[in-house]
Amino acid sequence: MGAWFADNGLLLGLALLDGLASAALIFLVAVGLNLVFGVLRVLNIAHGSLFAIGAYTAAGLGAALGSGALPAWAALGVLILAAALVGAVLGPLIERLLLRRIYAEENVLQLLVTFALFMMLEDVQKLVWGVQPVHHDAAMRLFGTFDVPFGSDFIPFTAYQLFVLPGIAVLVLVGLVWFLRSTLSGRMIVAVTTDREAATAIGINADRVYLLTFTAGAVLAALGGALASPTAAIVPGVGASTIVLSFAVVATAGLGRIEGAALTALMIGLGRSVAVYFFPEAEVLIPYLIMVAVLLVKPQGLFGTLETRRI
Amino acid sequence: MLRLEDVQVSIAGAPVLRGVRMYVPPGGRVALIGRNGAGKTTTFRAIMGLLPIEGGRILLAGADASGIAAHERARHGIGYAPEERRLFGGFTVEENIRLPAEVLRLPAVETRRRLEQVYSLLPELSGLATRKAAGLSGGQGKMVALGRALMVGTRAVLLDEPFQGLAPALAQRYAEALKRLRDALPDVAILISESNPELLRPLVDRSFVIERGEVSS
Amino acid sequence: MTHRREALLALLFALAVLAAAFAAPWLRFVLTLALAKGIAALGVMLLLRAGQVSFGHAMFVAFAAYAVAFLAGRVGDALLLLPLAMLLTSLLGLVIGLFVARYREIFFGMLNLALSMVFYSLLEKFYSITHGTDGMRVPAVTWAGMATERVGGEWAVLVAALVLAIGFALLARLYLASPLGEALQGIKTREARLEFMGLPPRRVLLVAYVLSAAMAGTAGALIALTTRHVTPLMGYWTASGELVFIVILGGAGGVLGPFLGAVAYELVRVYAAASVADAWQLILGAVLLAVILFARGGLFSLLRGRRA
Amino acid sequence: MGITRRDAVLGTAFGGLLLPSTLRAQPVQRPQELRIGITTFLSGPASVFGVPGRQAAEMLIDEINRGGGIGGVPIRPYFVDEGPGVEHLLGEFRRLVLNERVEVMLASISSGSCLACTPLAEELRRVTLLWDCGTQRIFEEKRYQYAFRTQANATPEVLAPLLYLLKRKPDFRTIAVLNQDYAWGRDSWELWRAGMQALKPDARVVAELFPRFGATDFSTEVTRLLALRPDVILSTSWGGELDTFIRQAAERRLFERSTFVMPLAESSLERVGRSLPAGHIVGSRGDHWFQHPAPADKARLDRFVNNYRQRFNSYPIYPTYHMYQALSALQAAYAKAMAGNGGNWPNEQQLAAAFPGLEFDSPTARMTIREDGQGLEPQLIGTSRHTDALPFATLSDMIVFPPELVTAPVGRNSVEWLRGLSRDILDRVPAPAG
């Protein structure tokens, strides 16, 4: 063990740095999905589409505003604005027009409504943005790189991935925890997550909470997409792979648990990058192995509690 | 205060309430007696608007409840303590009790007045104020649920099987709290459900018996 | 619906399938796939009776398909391959079922999804054995010892699919009417009551799970014999979603539902792809939404003439 | 599309009662229109190739039809999406052949699709041109009477950049690979390694990275490669993944530490702009490049490039040239078959018989189809450079490899052939031009 660390300790350090950025993105997408699931009890497959649409919008907006002219903070602002816009428009639209009609239905119908929506949005993205990879990396380039010493060598990392992404993820985490603990709207969300009926009985309008939560989830999905767009080319099909990973996070985290999503995202992000270094063939399996392992030990997920179920 | 006229409710296609008729006068203390599965909880949930009713009607202070959304019923002064206590486990006891007042956006003065009222009626709660609700014992939880219901229940409180699962000593304390309640808040109607009619006899003015979804008095 | 009316409907359905396949040769292939997917969807429907949604049953379809691809060179007859693939898939279903039958709702769904994604990744990863995404060719097989040319082979697999579809539909009907099958409803509503009646819920669900795996396996074997080329995509999560889609489209109210749904699904897809090759998902999604929002019981309930 | 839609409905409702599945009788009538089916990716990540392929087909078919079609018969294309997978594709293949009565199929971008379609084409006796898929396995594992490939296969596409690397940077010592984890990524690496073991056995492989197909972040892989400092990094990736890899590698200065060999990068050049620095090796799955140093007919190349740019506002990438080649081969084959049939429209056997030995024009060269059905396509490899004229990298020091040099001979298994290569093949590599 000690000898292994002497040989590979530095590499492991690099792997952890890489894992942070990827964990940050996973967290941003999954936390929104988990929040929505916690309150609405609907597993929103179209969450992946919102991620993709956020990414497309951010890249499109970034390109339209022109690169280079904007300072780094403004470029980042544009991305966040784009995400907020997409989530704030699409979230209420989807919740009001579609989900609202099916809250009383069996969960398979709810799942399929979002599946149908996901299928439709896949083609809508194609019709709007075409099929060529869309990319706008001004935000990544403007932050420059940061050299990490590595023995006698050094490894350049992008400051965007090393600091900005994890920084935003931490801000979102802290902000969400604060919001849910310390504001009335947040406490109403927690109350509905815990027990919708009891919450209704004390006067909470669950419909409004649903709308608010779904919109927040949509904004978070789009934000994840927007923040991913400077580092990754956006192509058709990106929503499908995003959503499966987020599902794994939700089930592992425990329903509706913010801190669970953070911890799971961190485990998956770090696990995958460590795998790339030491067992590259296992990389794709990591999220699922973590999920199966956690559920074997804790059937309700990391932070999950047994639910009371009403007939 | 509360009137049920021929109320019919089905769950998953099976009729659970068949023409329930009941009346709780303002300030009245009424018991709903019935065995497990007779329809007590369903009656309470129907009153709270948590289940759709298929026939008949429910009147809240004379107004047809069908026009009052479930979450609006708290604003109409009806508090509800469900069978299992159903607290918000992540919040402290005081947060649980305060939340209804915050949701209704009561003025700070009014909130404080009601909170003090709850603490004076249920003195054991003051010692628990900062505890997390998830860590409470069953009896403590029932007490908190009652306190929470009282925060909004200015006209009526519905208590679903409050004595269920309580040790005799605790049940005694709960019954005493209810007596204090009766004296301190004479205008608040109370509807309590219970499977054992003996327990409630000293507490109520009137009893309804529910059996297989039908009520007789 | 009375037994007689349902039997009559099933007969009409089978005749319609045969007539369509006779009239339009290219439909033979599409209808065979539809029947196969109908069998898999029937299995998914059994789990839905217990309120459990599997978003991973395409794993069993893909497993059986690959089993056929590997075994066809050694066991060259379809009448041996089909039961063999069914058996192997049932065993896999038993092993996985022992694990997942402990979980409910989202955890059940997500575990199935996760395991199917692991299997999908393995099909891609073990490139030297499976040829990865390129997939594997299924060697030509005989039917009861008889070699068939293209048209004969297509008819053979269509008829086999039809016979198996009817067989599984009957089996599912008997099963759902048996105490074990009726207990499925109990998992959805009150599990404690099942325990009280001396039926451990886990075992009730496990039986349904193994049965559903066997059906998915049969479907996978039929698909492999039809397409003669298997790829990992058969096990991707969207393929699992497709099966659930088919159940809801057809209606979970009766054993005919999944078959109606599968035929409708395949035809809508072919039709959509023929008219707008690059927006067929839009059409398929819209059809599904329309069914869920306006015809809750699926096609089966429309046929039955009242809403479920 | 009106008739397609109606046929689909009628076919569904009444089947072939109204539409007899075969109208074929001898001798063959010259049809009203020449129906061809084209399978291509219209959804999913590979639509980055599929949609330009479709666009090129539409443009070229318009041009052919304006010029009177093939033998006086206008072409009518039917497009099929490969995205949903093999089941859907095989169903559509049958529908097009049996119901729409297409005479020719142009099949597939994905090798998996080609492997699935080709035996079916043979059973249905329908001429099928493999217009873009790369797997060398098809004609090496089996002979087909009706399937032909109008472009190269993976072997020349991998060997040419290997030879180019050995010419330009003969003394590299270490190499790492980063390929997409799917058939092409794995196959191309196997071919490369076979050739490298024969031609440069002392090269050491320091990392084999196969990130998940569809991955959107390669930071970890880039870090790994930065730490390893291999002399050469090979990546046969394409599409959004190659774009992402190039941009992340550029931002983190990986291009300064290693020489990249990217056999498919031509299709990403315009999109990645100046992110791809000068001095790295770029291929294009063939010899197509709008600045080809010595095209067989410069006017033809310019016409194609300009028409495409005018219509679609971007430079044509390799799938569009491959589509050109397939349609060009089709024209040549019909002309040859009709000439051999007294000027009459050929039946399917006559048409199929025209392909072996067929010569036809690509935008850049004169091409041949071998007796085994495999097309012989030259390979152009170059080194990236930047000029002021264009906002993206173009190629310098281009070498156009003659197909005979880099393609495994008829009947040979590519991997074995590559393993048996000797170093004198390097002497036969032409000098760079341009």
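We call the chains A, B, C and D, going by the order they appear; numbering starts again at 1 in every chain.
Going forward, contacts are C-beta pairs under 8 Å (C-beta built on N, C-alpha and C of every residue); 3 or more make two chains touch, one makes a residue touch a chain.
Since we're looking at a predicted model, the values are computed, not measured.
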When the contacting C-beta pairs are counted for A-D and for A-B, which pair yields the higher total? A-D
If you average the CA atoms of chain C and of chain D, how far apart do the two points sit, in angstrom? 36
Roughly how many whole angstrom separate the Cα centroids of chain A and chain B? 41
Distance between chain B and chain C based on Cα centroids, please, to the nearest Å. 49
Give me the residue numbers in chain C that touch at least two other chains, ranges are fine. 121, 125, 189, 278, 280-281
Counting only residues that touch at least two other chains, what does the list for chain A look like? 122-123, 126, 281, 284, 311
What residues in chain B touch two or more of the other chains? 12
All pairs of touching chains, each written as two labels joined by a dash: A-B, A-C, A-D, C-D
Chain A to chain B touching residues, read off their complex: 184, 187-188, 190-191, 194-195, 197-206, 305, 308, 311
In the complex, chain D residues that touch chain C: 1, 4-5, 7-9, 11-12, 14-17, 19, 21, 42-43, 79-81, 84-88, 90-92, 94-95, 97-99, 110-112, 115-116, 119-120, 123-124, 135, 137, 181-183, 186, 212-213
Note: in the complex, chain A contacts chain C through residues 37, 43, 45, 98, 101-102, 105-109, 111-113, 115-120, 122-124, 126-127, 240, 244, 247-248, 250-251, 255, 281, 284-285, 287-289, 291-292, 295, 299-301, 311
List of chain B residues in touch with chain A within their complex: 11-12, 45, 48-50, 69-75, 79-80, 82, 84, 86-91, 95, 99-100, 102-104, 134, 148, 151-152
Residue positions on chain C within touch of chain D in the complex are 19-27, 29-30, 33, 121, 124-125, 127, 131-135, 137, 150, 223, 227-231, 233-234, 266-267, 269-271, 273-278, 280-281
